[in-house]
Amino acid sequence: MLKIIAQSLGSVLLIASFPSFASEPALVDRTITLKNISDAEQAWCNALIDISSVNTKEGQAAAKKLAEKVIDSAYGYQFGTVAFKPTLTVNPQTFRTSRDGALAYFVGGDASFPKDTGFALKDWTKCEVTNAAVLLLGNYANSMGKVKMTDKKGGVTTVDKTWGWVKDDKGQMRIVLHHSSLEFAGQ
Amino acid sequence: MLKIIAQSLGSVLLIASFPSFASEPALVDRTITLKNISDAEQAWCNALIDISSVNTKEGQAAAKKLAEKVIDSAYGYQFGTVAFKPTLTVNPQTFRTSRDGALAYFVGGDASFPKDTGFALKDWTKCEVTNAAVLLLGNYANSMGKVKMTDKKGGVTTVDKTWGWVKDDKGQMRIVLHHSSLEFAGQ
Amino acid sequence: MLKIIAQSLGSVLLIASFPSFASEPALVDRTITLKNISDAEQAWCNALIDISSVNTKEGQAAAKKLAEKVIDSAYGYQFGTVAFKPTLTVNPQTFRTSRDGALAYFVGGDASFPKDTGFALKDWTKCEVTNAAVLLLGNYANSMGKVKMTDKKGGVTTVDKTWGWVKDDKGQMRIVLHHSSLEFAGQ
Amino acid sequence: MLKIIAQSLGSVLLIASFPSFASEPALVDRTITLKNISDAEQAWCNALIDISSVNTKEGQAAAKKLAEKVIDSAYGYQFGTVAFKPTLTVNPQTFRTSRDGALAYFVGGDASFPKDTGFALKDWTKCEVTNAAVLLLGNYANSMGKVKMTDKKGGVTTVDKTWGWVKDDKGQMRIVLHHSSLEFAGQ
């Protein structure tokens, strides 16, 4: 009975001093912030330019090696798949749900994806993201907007892009969804 | 020592009969299933056809009224915005982050969105979804795939589409992300 | 090649001016912050004191009415159930997975819960929360710590408490999990 | 008009055969199911019994080694902290937000936690979980109920227990919240 317990233990309860915690509680924070997103978007842009640059200076094999590193650190293929619709793919290989498909899209040279010439090899020198909408849904977030890429000849390609983000167990942002499309040219 | 506790408290503990619960625990289930997604996708398709049909039979005003009902029940504008990139929009109104912008896209007739002629008014009679990738991330999910729409003359439009889904507080699936794009026509 | 695309589609692409967005994207933010949690915890404490105060001044019926309002605005019974283990309940009614069970615990007077005398009616005048750990997991969060309640005679009850929080569709914090227990008195 | 688009781009669109996907989309499923929970709960029970058994047969050092393995595979300390309120801890060490604190609780022998005698060393031979409420909130879930543990002399300890679960990046269930308390003995 608590009455009995209270009799035998109760004095302890009453004299128990209130515990002193550190001023801040121990904290786990797996939420995604706007800054996490803009940093990760800019990292994607920088990686695109880096792959182009390595391709120019060291060739496709080196560019491919870098692209693998980028994919393995920035995408979430280790979760099983990524919902990836790149800008310039056609049927029946529109969607690149495997790591191989993503790699082929970025650097080409894969006989299984014969139409891929390597989007990241197009001499990109500048890449800017402007978000139209951001959804912070917890440990998942979406960003949607325009990405404007400039090549070394000054040619500009602007795409409509959606990214879906998770934070992995180490707090690293990873792309689990990527839908990119050329702007609709009008009617 | 627990032994000592057991001695002082244990008689109570020992005679405590194990509580009998109903065979199943009280349950809250806010997760999204594959079936939730395919049902909601088909509901989107059906709504598109319904709006077309109402437009033909009763005119644009009735179609608009139905479209409002569809948007209010199937999209998540009440959360503040929806990340919506419709198939056929152009700058500077590519993204329809407001309910008004979504409505104008589907049924036109809004002077603020002068290029919108009403995507849902194009006499659609058939609409099929084939998912390429689905991400069940908890109370958020993504689906990405092809949506093939047929009009009454047999014309077919196939788009690459991504939807982001949440379950609202009542368990209703809602679109919080929608990126649709014409297939890339190749090179 | 993108060059070839640029030739066929590019005139439009090249003249497309980059869209000007508002400086900030349209935003949905459903994440839970530390401040959301401390505000909601303090609101729980304040409600406890308010119910005690109303009980003293206006009687149990008025206290019950207020308690209903508190439960309906601060707990998540509308989602189907709340995982609620109050401090002072015994078998077979330890867990209060229904709204009725929660109400009976706080204000008593329910023949279906004959052992409930009304925890919120114990003349509480002060209530303080000190968190030991907080988990911000996205649109769900946990806080665990000590809650120290003082009654009008200066009696102090300190409990170990865990709360699980969601933000509902309107952004309101709601308790979906509540486990409270007397401090273990030692051995 | 889509008709005009169809005229300019349409030959490609119209001849595009509908892509044939595998019958099922590529899938990521990070949701937590009722079965995931009951399996993980039973695994926790089994680990408790195993540690007791190893302690009896091989001594505390071996039990400690096993407990470390259990903690590292079943709890989420790698995320920064676990919100852990064990059954039999007292101020100022009620909460075990560090891995060291959890280990000391289960197997004792840590001078920094002088009151810990090792809960898992109490010769447990049987452990049963009965859930009263389960909340499936996506990639997070809560279970709350009774855990009834029997030692080799037939002594029974029943506790009220709440667990908070996440699936880690590899799909492994991990405890990020654990609140355990002796049953309230009544008044």
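Chains: A, B, C and D, in written order; residue numbering restarts at 1 for each.
By definition in this document, a contact is a pair of C-beta atoms (placed from the backbone, for glycine too) under 8 Å apart; a residue touches a chain by one contact, two chains touch by 3 or more.
Quantities reported herein were computed from a predicted structural model and do not represent experimental measurements.
**Student:** Just how much do you need to spin chain B so its Cα atoms sit on those of chain C, in degrees to the nearest 5?
**Tutor:** Here the rotation carrying chain B onto chain C measures out at 180 degrees.
**Student:** Just give me the whole-number Å value for how far the CA centre of chain A lies from that of chain D.
**Tutor:** 28
**Student:** Quick check: how many Å separate the C-alpha centres of chain C and chain D?
**Tutor:** Distance between chain centres: 22 Å.
**Student:** Starting from the mean Cα coordinates of chain A and chain C, work out the distance between those two points in Å.
**Tutor:** 32
**Student:** Could you check chain A for residues that touch two or more other chains and list them?
**Tutor:** Within chain A, the residues that touch at least two other chains are 1, 5, 16, 19, 26-30, 81, 83, 88, 91, 94-95, 97, 132-135, 137-140, 143, 145-146, 176, 182-183, 185-187.
**Student:** Specify the contact topology among the chains shown, as one of line, ring, star, complete or other.
**Tutor:** If you draw each chain as a dot and join those that touch, every dot ends up joined to every other.
**Student:** Using the touch rule from the top, collect the residues of chain B that touch chain C in their complex.
**Tutor:** 1-2, 4-5, 16-17, 19-20, 26-30, 76, 78-81, 83, 91-92, 94-95, 97-98, 139, 168-169, 176, 187
**Student:** How about chain B: which of its residues touch chain D in the complex?
**Tutor:** For chain B paired with chain D, touching residues are 1-3, 5-6, 9-10, 12-14, 16, 18-19, 21, 25-34, 88, 117, 119, 122, 130-140, 143, 145-146, 148, 155-158, 182-183, 185-186.
**Student:** Taking the complex as given, what residues does chain A use to touch chain B?
**Tutor:** Contact set of chain A toward chain B: 1, 5, 8, 81-85, 87-91, 94-95, 97, 115, 132-135, 137-138, 140, 142-146, 160, 162, 164, 166, 176-177, 179, 181-187.
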